[in-house]
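What follows is chain A paired twice: with chain B in the first complex and chain C in the second.
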Partner chain A sequence: MAEAESLAVTRRWLPEALMTLAVWGSALLVAGIFLWLLGDLLWRGAGHLSWSFLFSSPLNAGRAGGIAPILVSTLLILGVAVAAAVPLGLATAVLLAEFLSSHSRFGRLVGLSLDVLAGVPSIVFGLFGNAFFSIFLGLGFSILSGGLTLACMVLPILVRTAEAALRAVPDDWRLAGAALGLSRTAALRHILLPAASSGLVAGLLLGVGRAMAETAALIFTSGYVDRMPSSLFDSGRALSVHIYDLSMNVAGGDGNAYASALVLIGLLILINGTSLWLAEHWLNRRILTP
Partner chain B sequence: MRLKALTTTLCGILILMLLTASVALAVEQKLVLTGSSTLAPLATEIGKRFERQNPGVRVDVQSGGSSRGITDARSGLADIGLVSRALKEEEKDLKSFTVARDGIGMIVHKSNPVRELSDRQIIDIYTGKITNWRAVGGPDQPITVVNKAEGRSTLELFLHHFRLKNSDIKAQVVIGENQQGIKTVAGNRNAIGYVSIGTAEYEASQGVPIKLLPMAGVAASVENVRNGSFPLARPLNLVTKAEPQGLARRFIDFSRSESVHDLVEAQYFVPLAR
Partner chain C sequence: MTQAFDRHTLFFPETDGEAYTLGPLQSGPLCCVPEPLIRVTNLSVSYGNHPALKDVTLDIYRGCITALIGPSGCGKTSFLSVLNRLTDMIPGCRVEGGIRIGGQDILAPRLDVSALRREVSMIFQKPNPFPLSIRRNIEMPLREHGMKKRADLDEKLERVLTDVGLWAEVKDRLDKPALALSGGQQQRLCIARALALEPSVLLMDEPCSALDPLSSGVVEDLIGRLKGRYTVVIVTHNLAQARRIANYAAFFWLRERVGTLVEFGQCRQIFEAPAHDLTAAYVNGARG
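And then the complex of A and B:
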């Protein structure tokens, strides 16, 4: 009797323990991979990192010198992409979530095209950007072409996450807004967008992350020139392109490639942190404190 | 209120961007070079020196492969194309100017005991007739064949030298840039690949575990590329659609002059004979 009882206890206890182990193990593995990557970058790149690395121009094909012009180009490309993609993406998401019913044929068509776009490999965006922005619109190899190409690339992510964030706002809020006589625009500005802010920012971060990591789409649009850009019509090399070139094309460029990768990750963490902080302290508060 | 501030800021940024954009139209003289990724770093360095000596001139270099250099020079998208091989028969409508030479050598992992491969053996390895190192005097291990991607001039040179077609080649790994080839072989004890000799020599001297194999009995060294005895070498060319004039002419003359020899050597290529 006692034996059977203890067997039953084990039977109940064992799957529970295995489950706990699997969940914790997976989480540790994911964190471990990130830490390993970061550790590897720090170990090989930190020695090359200094203020002068951030504030000087590359020399000898990037083996020596710094990344100042590349950093500026990267931020400009990112700025163009965000400036073009956020208004477009937000407006589309508002249309999909607030103006159309989820059964509308047009809404589904837009959704489908977005999902197809999201699955397109980045090199295809690069070739499209080269053909459309660089050649057809005559923008040439420029920060503008690169930024606009990236905007096309991150639009699907942006729209889909923003749409989901807006849909997650309870309908009661919309009804309450309508009952108070708020117009649609007012409800959107004062209630829905602030309420959805953390989702919107998460979408923006996903987009920015994808844009920062992009190499293939940029090598044919914003280009390879590592001079300090003097306008958006100049060609400018993005950090990811620089890292790719140093590690794959320039013998003896590995040290600076690691250091540049470290800067890229630092930049990403900085942008993520700032946006999350903004969402928390700025947009969310609008709702909670009248 | 705050949203309004945000919108105003965004509009301000956009206007600022457009303003800076209009300034760009005042560029003086610009030379656009596109093509071979092998040549792009060298062309960038030559361009920087050229810019310093000729104030008001800008040299923009774009990478992408030799085929692109040919296409862009033909279409006029680039003033000068970068092509890291000799022009083919059907490309003879373009004018080419050699600025440096580069040798292509076979590399294997440093731990590989094989000291030499005949041309026949290299062909058999790349066409899949030999798939184990044992057949050429190595350990009993499968061979990992590393080949270059379509459109790379190293590939075309390799195929031309061994009279092969790319469709005959049975490769396990297909790579793009030169350094990728070195890293692939350094990370795989059973791999064989072909890369630029200058960079391979440099990487080997830095402790990267790769080994250059002699070809047809001639050691794969920069010295043997310089004296012309190494069989698999290529010219690095600047190409133009028509006989170059003005700024393009000056840039090409400058790239072929002795004043850039140090830059050529810094990129591990062989300068033209003095």
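And then the complex of A and C:
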């Protein structure tokens, strides 16, 4: 018995070890790349970071001063994008996952167009946003046109992830709901959406991440004016645009570019953390699994 | 077998809520008042181009337990889900024929399906409590159907959980997850959830087959106690169970790959003196 066991162990030892090495190695590599990037940013940018950097206006084309108006513009653009994309995206996902069968022609058409949209380069979204929101709708270079352009851009991600999250909810609960005479709205509100909430939030975070990182689509729509915006119809410079401008067009702006990048990453981590916490404690507070 | 029956308990009392509270285990009469509640005529069900059930005509009697027996895939579950129009949820499903429940045509296109499903409730093979607390599993559907008062909800909760014999087991953890209960407890919770809406018919699709023998026994006893108060239609592969609890039995079989009803009659007759050779072979374990 003992002999048989030891034989089995020796024979399986090598592939097991290789597999373990590959899995751990890949994970460490991924983590390593992120840490390296973060370390580099910290190394070069942390020195420029201070409270006054966050709360003052840029001076001398961004070489000096801070990023207060840029931070405000970024959050406003993001707010517009999320406010426009989330209801639209959620409604579309509900239609696709709950009301249309996966074979329906219309559903497949919508899905296909979303997949094509997801693959369109952001510069094309920028041109579209410029032509449609800025010129055709007359919104000009404004936070509103920038936000709406971003909304179009993240919509495919939102819809596809939300649809997948809803489809992952077991059919048992839909049947149970129907058998109790619950309306579809009630089932969605009480069971399906809360049960899918962690997937929905994950999709939202992917979308927010993509929106925060976006530069090309914003240059043509929200513009790059670095004054403090006084309304959504003002042009506003997003953080990503600011980083791009400092590192490409402004000699001697590198330090502040690194600091701004650090702020951008910090903001993303903050938003991720808050959303996950909200999902855990608020969205699905009534969903109880053992 | 005793023929004595108490009309008061067997007839459906008017729905004042109280009337649905289960009493002690009934020493059941062989059959109840032979009054059909559900009349099915020439029912056919097909999915896309594939017919699943053909030409079924059958009466289901008020307050009795009717067992549907037969091999897998012979249309028993289809038959069951047509009775509360859950088949509406399956794309491409076509239903022909007539079903009247209490005189009302339930296949009418403009029927209020939600009201029908409150009246004709369904229990599934796999227990499917919502991922909510035990309390909210019962309360949420009640609230959706308009019961808002805290006191009413609490009273209802205790009553239905007592009816399914779960109150003593869960009364101290009503706000704990329903999914943490054992399989048998989950199934009884599902039955309680259905009873809370005061249905008159309970459809059960192999309610015990996903449970261990002990829980299965508990659930079976519970179903037996529903006799007289509710009209129960139960699909089961467990012939001994059908024999123990049912008043009537319907035997389905696959003919040319389409489910058909072979024989319907009092449970005792189906098992002891079947009129059809196929039934005899099946109930004696020779086929199926």
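Following the convention adopted for this analysis, the second predicted complex is superposed on the first by the 277 of 290 C-alpha atoms of A that agree within 3 Å, B and C clash if a C-alpha of one lies under 4 Å from a C-alpha of the other, contacts with A are read in each partner's own complex, and residues count from 1 in each chain.
We adopt the following convention: a residue touches a chain if its C-beta (ideal position, glycine included) is under 8 Å from a C-beta of that chain, and two chains touch if they have at least 3 such contacts.
Source: prediction; values computed, not measured.
On the shared subunit chain A, the superposed partners chain B and chain C are arranged side by side without overlap. Draw one line from the C-alpha centre of chain A to that of chain B and another to that of chain C; the angle between them is 160°, to the nearest 10. When the shared chain is aligned, chain C comes close enough to touch A:180, but chain B does not. In the superposition on chain A, A:101 makes contact with chain C only, not with chain B. With both structures placed on the common chain, the touch criterion links A:191 to chain C but leaves chain B unconnected.
In the overlay built on the shared chain, the residue A:79 is in contact with chain B alone; chain C does not reach it.
Taking chain B and chain C in turn and counting the residues of chain A each one touches, the greater count comes from B. Per the superposed model, the minimal spacing between any CA atom of chain B and any CA atom of chain C is 13 Å. Once the two complexes are overlaid on chain A, the chain A residues touched by chain B in the first and by chain C in the second are 286. Contacts from chain C toward chain A in the complex involve residues 84, 86, 89, 91, 113-118, 121-122, 124, 126, 128-133, 136, 140-141, 144-145, 176-180, 190, 193-194, 197. If you check the complex, the residues on chain A that touch chain B are 60-62, 79-80, 83, 87, 135, 141, 144, 189, 193, 219-220, 223-227, 230-235, 245, 247-253, 282, 286. Contact residues on chain B toward chain A in their complex (touch as defined above): 2-3, 10, 13-14, 17, 20-21, 23-25, 32, 37-38, 40-42, 44-45, 58, 60-64, 77, 176-180, 182-183, 198-199, 202-203, 206, 266-268. Taken in their complex, chain A has these residues touching chain C: 101, 103, 172-183, 186, 190-191, 195, 286-290.
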